[in-house]
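The structures come next, written out as structure tokens.
You will see two complexes here that share chain A, one where it goes with chain B and one where it goes with chain C.
Right after this comes the complex of A and B.
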């Protein structure tokens, strides 16, 4: 384990930026999201949940896939290249780190998405332990330990010091390139801190939320439950919950005419939107109730069905904090799961 | 610059192809012949599989490959005009280049469950598109299958897709019966009149066969009910589902229904498999 005084963190980031781009929680216009760091950036390592999750770094909100040129009846297609340079994402909380595993199952395991895979291969994940888990956090429900996040490199803030622990080969290689900006440290401070954090986790209001009632093979058990109607009644279909969610995967593919060429891009989309499944002969999900049900059934039943029982939620609490009508996955689990 | 130096070309990137022939089948259906720009087909496929076709700036949509895999010279798509991309496709001329990617989806089990069996194809309107691929595959491998019956219906005589091929070529096949029907009486039509599910009941097929249904959802529903009434087991009946699609590879989420993604786990389903997914199609 190594360490650096927080007052010198810009020097660390400076060295990291020399290895490759560094994405970190940075405040812009009063909101904290993952942006590329530069020396004028306002780093906010203290903020627990960024507005958009860290998935943006590997699965960006919009990205170009290909560019077309047309001339008369002829077309040329220029495919976008998958990323070919190393980068780091710094300050990722335990829940968001776990979300990368879930997205890997979607984008890498079958029919690999080359753009996503290239970013995953080139990206070093530097996590950061949560000192003060919030009221909306329920990562423990999914077996995630906020006091000891996974990642290529784990970091911890204790008092005025940042502790740094390379774990994977990728993390060790990355750290080796930093020279001697970090000094050696022992683990006692960090271990003490972990205990303190665990004590806080034990007192969180959502600590008893359980997924027990859900999981693989339960489609027919939950699909026609009458509760969906009431739960979804006030949902305005804004899609906020899907855009802030680290595990939501849905996307759209569209063309944009720049005047010089036609860019084919993909962008996040939401199953909460009415036109998501609209077809020539009608819409199989006619009301918001069906769209609402889709989001939660996918996370709690369909995804586990296809992924050995694993849920597509990491308990980050973003949807709990951000839904304008205060509806969320916790309320859904309680209403349907009877707890 | 070459894209292949680092990393593979992603599955979402279309290949280049050219339309070499356009046939007007009905007032709103045209059939397009497509080959790669090098004159060869862009990829192999199996009956029932689909491909994404692109016109840059207009969009991309999924279409059944209606030609049989035994046709290695070109691929065919029968496309009904009903929206932005299909309107645009209906206005292009021979020689137009397009983007194509695929093949997508689980095919009909032509080399396993269908082999050696009598086959009953039940189609409605543009739903004949995926069936035509299987029918021609079975005709080209005639010895591998038993008796073939095709029951096909549309609104009117003019709306019967592939009418020429059916009446000129299919009917000449060994052990092959074609049963056409149109919804309403029409001058110059002396064939059957009535909806497909009713005609199906009138034809009184025995259950010694596999049935394959493609068409509008409501037709599929009534035909399946009729077959069950006639004594068929759901494991003897196959159909295809159609949901909105964008990626074709089980990621964009659009075609997700229950734990299935119609683009990769379908579009072909055996009817007993439909009992495991919610009725959301």
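Right after this comes the complex of A and C.
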């Protein structure tokens, strides 16, 4: 284990930026999101949840896929190439780290998405333990330990010091490139901090939220439940929950006519939108109740169906904090699961 | 007040005046109330009304005033402006609606409390002007006035513009600082165009195109929005470039100009904290200057400044004389 004084953290980030781009929780116009770090950036390692999750780094909200041009009778196609440079994402909380495993199942395990895979391979995940979890946090529901955030390198804030613990070979290699910026440290302080965090996790108001009632094979049990109508009644059909969610993975591919060329791009999509999965015959989910049901069934039943029982929620609490009408997966689980 | 409202709504269910009521329902915590449709007096047990009932319920009536029987709606003073505007635009039918105007002392913004660095909030008690905040990390305090929602900072007053009955203790109280309503607009107007561009660029580049601002907006009541229409050529689920970031919001501001009541819901729901109400307020300020003082939704029978023609209307060529920046 190594350490550095927090007052010198910019020197650490400077060294990291020499290895490759560093994405970190950075404040811009009053909000914290993952942006590329530079020496003028306002790092906010203290903020628990960024507005958009860290998935943005591996699965960006929009990305170009190809460009088509016609000249005379010739059509030229220029395909985008997957990323080919190393980078790091710093300050990722345990819940977001876990979300990468869930996205991997979608983008790597079944069919390989070369763009996503390249970013995963080139990206070093540097996590950060949560000293002060929020009342909206329920990562423990999904077996996530905020005191051991995983990733390639784990970091901890204890008092005025940042502790640094490479976990994987990738993390060790990355740390080795940093030279002498970090000094050696023993683990006693971090171990004490871990105990403190665990004690807080035991007291979180949402600690008893359970997935027990849900999982693979429960489609018929939940699909026609009358509660869906009431739960979705106030839903305004915006995409906030899906766009701040670290595990929502649906996307759309569209062509954009620039006047000189056609740009094919991919962007996040939301099952809450009226044109989601729109087909020639129309939208298969005609009402907001059906769209709302889709989102939660996907996370609590369909995803486990297809992924050995794994849920596609990590309990980060972003939807709990951000939904304009304060409807969220916790309320849905409690209303349907009876707890 | 919560109990008085609850009792009265239950009475109206019991004497068959109404068949449903739109209000707020208790959440998981003390601050996350969800708008709810109550179908019976018994349903009302989970009704809540306190510092965290900011949602403007008037837009829900578009979908809930058509079924048989009367729908009751609870409207705070500022919500009644939106209601009137929806009536003006024939989006709702007053014959099917029963309004209880309820008093309001200003709504609290939980995000502003969080921005003070207060984490793990479990309970808030109001003690006069002060809020006592219980958290997982000890007790904190702050002034209620410091954590009011943005929309409450330029409160239009405690008077309801339309109602069938009132449950309100401060109907005639005037807001103290309504004069500050255009302060930030003035600040923006006094910037150079480069500074102003940089301000909006910085704010709007955070936009994630979640459409929360549009979907919550009572003035945005088109059955199908042009931005959802894939045949329109402008439908975009993401901002392809910085032009699109701005286009969506500017087009929306133009579309609601003269109809926006300044209810502030757009800014309240924006997950990225973009001060969208400033775009609308700029239009309101300009309309006041060019066409005379106008407040959308003040009554349901007024003609909008941009949808009515009078001989006194300003000629575009004279706009510069009116000192509109």
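Please note the rule applied: the second predicted complex is superposed on the first by the 334 of 339 C-alpha atoms of A that agree within 3 Å, B and C clash if a C-alpha of one lies under 4 Å from a C-alpha of the other, contacts with A are read in each partner's own complex, and residues count from 1 in each chain.
Convention: a residue touches a chain if its C-beta (ideal position, glycine included) is under 8 Å from a C-beta of that chain, and two chains touch if they have at least 3 such contacts.
Remember, it's a predicted structure, so these values are computed and weren't measured experimentally.
Q: Consider chain A as the common anchor and indicate whether chain B and chain C clash or fit when overlaid.
A: fit
Q: Go through the superposed model and pick first if A:250 touches only chain B, second if only chain C, both, or neither.
A: Touch partner of A:250: chain B, not chain C.
Q: After superposing on chain A, what angle in degrees do the C-alpha centres of chain B and chain C form at the C-alpha centre of chain A, to the nearest 10?
A: 90
Q: Taking the superposition on A as described, I'd like to know which of chain B and chain C A:330 touches: first, second, both or neither.
A: Touch status of A:330: second partner only.
Q: Mind working out whether A:233 is in touch with chain B, chain C, both or neither, as first, second, both or neither?
A: Once the two structures are laid over each other on A, A:233 reaches chain C alone.
Q: Touching A:268, do we find chain B (first), chain C (second), both, or neither?
A: second
Q: For A:285, decide between first (touching chain B), second (touching chain C), both and neither.
A: Touch partner of A:285: chain B, not chain C.
Q: Please indicate which partner A:70 is in contact with in the superposed arrangement: first for chain B, second for chain C, both, or neither.
A: first
Q: Looking at the overlay, what does A:277 touch: chain B (first), chain C (second), both, or neither?
A: First partner only.
Q: Once chain A of both complexes is superposed, is A:115 in touch with chain B (first), chain C (second), both, or neither?
A: The first partner, chain B, only.
Q: On the combined arrangement from the superposition, state the nearest Cα-Cα distance between chain B and chain C in Å.
A: Result, nearest C-alpha distance in the overlay: 7 Å.
Q: Overlap the chain B and chain C contact sets on chain A and report the shared residues.
A: Overlap of chain B and chain C footprints on chain A: residues 252, 254, 257, 269, 278.
Q: Name, in rising order, each residue of chain B that touches chain A in their complex.
A: 3, 6-16, 56-60, 82-83, 92-93, 95-99, 216-217, 242-244, 246-247, 249-254, 256-259, 264, 276-278, 280-281
Q: So in the complex, which bits of chain C are touching chain A?
A: 27-29, 32-37, 55, 60, 111, 119-122, 136-137, 202-203, 205-206, 208-212, 214-216, 224, 228, 230, 233, 235-240, 268-269, 271-274
Q: Under the stated contact criterion, what part of chain A meets chain C in this complex?
A: 28-31, 33, 48, 51-52, 61-62, 132-135, 200, 203-206, 230, 233-234, 236-240, 242-244, 252, 254, 256-257, 263, 265, 267-270, 273-275, 278, 320-322, 324-328, 330-331, 334
Q: Considering the complex alone, what residue numbers of chain A touch chain B?
A: Residues 65-66, 68, 70, 73-79, 81-82, 84, 106-107, 110-115, 118, 219-220, 223-224, 249-255, 257, 262, 264, 266, 269, 271, 276-281, 284-285, 290, 294, 298, 301-302, 305-306 of chain A touch chain B in their complex.
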